[in-house]
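Structures given as structure tokens follow.
Here chain A shows up in two complexes: once beside chain B, once beside chain C.
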Partner chain A sequence: MKRILGVALGVLTAIGGFVDIGDLVTNAVVGARFGMSLAWVVVVGVVGICLFAQMSGRVAAVSGRATFEVIRERLGPRAGGANLVASFLVTMLTLTAEVGGIALALQLVSSVEPRLWVPVAAFAVWLVLWRVKFSILENVAGLLGLALVVFAVALFQLGPDWGELVDQALRPRVQAGEAVPTYWYYAVALFGAAMTPYEVFFFSSGAREEKWTVQDLSQSRANVLVGFPLGGLLSLAIAACAAVVFLPRQIDVTALSQITLPVALAGGKIALAVVILGIVAATFGAALETALSTGYTLAQFLGWSWGKFRRPAQAARFHTTMIVALVVGMLVLLTGVDPVKVTEYSVVFSAIALPLTYLPILVVANDREYMGAHVNGRATNALGLVYLVVILAASLAAIPLMLMTGAGA
Partner chain B sequence: MLLVVLGAALVLGGCATPDRTPRIVDTALDEASSAVEVASLVVGLVADGRATRGVADTALLDVIDDVGIEQASLAEALPADPRAGAARDEAARAVADAAEALAHARAWVAGTSDDDATTVRERLDAVARSLDEAGA
Partner chain C sequence: MSPRLRRGERPFPPDEDLPEPARPAGLLLDARLHLLDRQVVDVDEVPTAIVDDLELTESRDEPRTLLVSALLSGPVLGTRILGGRPPSSRLHRVRWSHVAAVGTVVRLGVHGDQLDVLWVERWLRDRVIGRIPGGRHDPE
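Take a look at the complex of A and B:
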């Protein structure tokens, strides 16, 4: 019974923790501009993150090494160092976007300028990282993030033309007035939002935090293979709400406040309160994960003592890294930069940086010396290679598409 | 070497750049139309008691910011000929009217306007029509 509850909790946490500011913003922007025509990208992204997280979790559980320990070992200090710089910067950008997302969500409750909320949000994230146990912060944020299920409920209440939505999803086409490169730019952005590198750093390091062993692999698999696809359904619900309410009115989503309007239209003030709670939980949870990921990546690469399972004094440089990352993110936001724009860039740069971490994990998951009997099977390998091609294509196309489209303008 | 530098300076300085005014005008009108639609939706939600004043105010403030950016873009645009200039001026007037209607909608949401929801929405609808005409 305890084991079943553990699996259920893991799955629920994975669902609630799947959506972050990148998913919220990108899915709403895409739904408003392209309807459900890019739903296929969410499916491709969810399968990809399942594959990637499942491999990195298995590597961590079997070899006892988290992602950046593996990268350092396999690539050496020079290539690994370049990898670290790129991954760290993308994670910093994502952390900045998440803290900005918390501030924007708190503005919805208080009408107080988001820049005043930024230091409060950053301090709250640090306090939780400093004081709260790993399992509690992971589970509470994930479970509260489940409030975003209100998007799915709202979609039903809006009473959409389901045939039209399914048709848009199954027969993707570029909307009138939109350019083909813009469609592909948002395809890359949506892919980057679903397959954010920090999710994998957090997942594999979390395996070490919770001291997973080979016996825990089935639970890890259930978390990933059930939780992430259900989380992906939430992403689709966000896009569908935007497609139903914004697309016919030709509304461009430019702010977090707009993302809540379809929910208010469907469910009134109570649904609005639930969705704001969900957004705060999702962005706060993702801010915790990204802040931890900055500490994880640097500490694992440089061989420092790391982990929430250690007291802060025993992992001082790990905690200092997180504090510095939070302060830098806070200072960037205090310049007045638009958190939604930061989010839009962070998902595209996530797609650009993805091959750097994906490839070493794919290689190690195939290495019998590390993995023994738990090496990748043929089907996983075939899928892994297909995704390597997809990830490389998205990574290489991202910058040219960004330049051609003026970042999707 | 000097010729290369001068050539680059001319290109980067905008002397060889095609007139971007039509695109700026289209973008400004699209963004302003989108902002007015958001405001119309928000006013309807508040009138029906489906949105809190905090969310409504934030949503309106966000679109007012968006329209402000477009107003600045239009003001900064340098049309290449009088026809483009006239189109820019018409768009600037329509976008300025949109900004005013949005500010009025925000005042209504805050409870500092004597108008009722219908009047506020009618004004937004009129502005939406003007924006359509300016873009036609």
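Take a look at the complex of A and C:
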């Protein structure tokens, strides 16, 4: 019974934890401009993150080494260092976007200027990192994030033309008035939103935090393989809501308040309250994960003691890194940049940085010195190679597409 | 340019006499493969440092060989990436005699607390992190 509860909890937190500010913004923007015609990217991204998270979780559980320890050992100081710089900057960018997302969501409740909320949000994130146990911070944020299911409920209440939505999804085409490169730019962005590198740092380091062993592998596989696809369905519901409300009226989504509008239209005040709770929980949870990821990557690369299972004083450099990362993110937001714009860039840069972490994990998951009998099977490797091509293509195409389309303008 | 080899042919005469490699008694370690860039943990399994570089010294007695005298960590990483060599006085050493075992991680037989390489950690703990309320308590 305890086991079933454990699996259920894991699955629920995986669903709630799947959606972050990147998924929220990108799916809504894409839904409003392209309808469901990019739904296939979400599917590709979800299968990819399942594969990637499952591999890195297995490496962490079997070998006891988290992602960046492996990267340093395999790539050495130069290539590993370049990898660290890129991954760290992307994670910082994502952290900034998440903290901005919390501030925007709090603005929706309070009508107080988001820049005033930014320090409050950053302080709250730090306080949780400082005092709350790993398992609690992971589960609470994930479970509250489930409130975003209200997007799916709202979709049913909006009573859309289901045939039209399915048709858009199954026979993708570029909407009239949109350029082909823009379509592909948003395809890359959506892919980056689903497969963010920090998720892998967090997942593999989390496996060490919770002291996973080989016995926990089946449970982690269930969490990933059930939870992430359901989280992907949530992403699709967000896109569909935007497609139903904004696409026919040709309205672009540029603010968080617009993302919640379809839910408010369908369900009124209560639904709006629930969706704001969900957004705060999802962005807060993701802010915790990205802040931890900045500490994890740096500490693992440089061999510091790290982890929430230690007292802060026993992992002083790890905690200092997270504090500095939060302060920098806060200062960036206080300059008045639009958090929605930061989010749009963060997902594209995630796609660019993805091969750097994907390839070392794929290599080590096949290394018998680390993995013993738990190396990748043939099917996993075949899929892994297909995804290596997909990830490389997305990464290489991202910058040319960004320049060609003026970042999707 | 060497002539192309046909399939199945070897690039050396099959009956060539090769010198036997020396077989030292004990564990054979490849410095690059088994030591450099490995995690170092102390006697309580606390991560201490990464082997950023090695200090080699020549042995005094004949035959003269190079011995690993210390694991280096810290700022020496910069010279590992960019090239060059920091002055000997700037190195943070972990004496080789403190190494207890070498596996996927390098294990030390001493407490990390006494080691030079952890001075930044100690400084931040005593001056910053340990002074913030709650910094010395277990998370709840």
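Going forward, the second predicted complex is superposed on the first by the 409 of 409 C-alpha atoms of A that agree within 3 Å, B and C clash if a C-alpha of one lies under 4 Å from a C-alpha of the other, contacts with A are read in each partner's own complex, and residues count from 1 in each chain.
In this section, a contact is a pair of C-beta atoms (placed from the backbone, for glycine too) under 8 Å apart; a residue touches a chain by one contact, two chains touch by 3 or more.
Only a predicted model underlies this, so the values are computations on that prediction, with no experimental measurement involved.
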| task | Quick one: classify A:Glu69 as touching chain B (first), chain C (second), both or neither. | result | second
| message | One more residue to check, A:Lys269. First (chain B), second (chain C), both or neither? | response | first
| said: I'd like to know which partner A:Ser111 touches here: chain B for first, chain C for second, both or neither. | reply: first
| message | With both complexes superposed on chain A, which partner does A:Arg378 reach: first (chain B), second (chain C), both or neither? | response | neither
| After lining up the shared chain so the two structures overlap, which partner does A:Arg171 touch, if you call chain B first and chain C second: first, second, both or neither? | neither
| Does the superposition put A:Arg368 against chain B (first), chain C (second), both, or neither? | neither
| message | Under the stated touch criterion, name the partner, chain B or chain C, that contacts more residues in chain A. | response | C
| note | As the complex stands, chain B meets chain A at residues 27, 30-31, 33-34, 37-38, 41-42, 45, 49-55, 57-59, 62-63, 66
| In their shared complex, at which residues does chain C touch chain A? | 36-40, 46-50, 52, 73, 77, 80-81, 104, 120-122, 124-125, 128-130, 132, 134-140
| Within the complex, which stretch of chain A touches chain C? | 63-65, 69, 72-73, 76-78, 80-81, 130-134, 299, 301-306, 308, 311-314, 316-317, 319-320, 369-370
| field | List of chain A residues in touch with chain B within their complex | value | 107-111, 245, 249-252, 254-255, 257-258, 260-261, 264-265, 268-269, 272, 276, 409
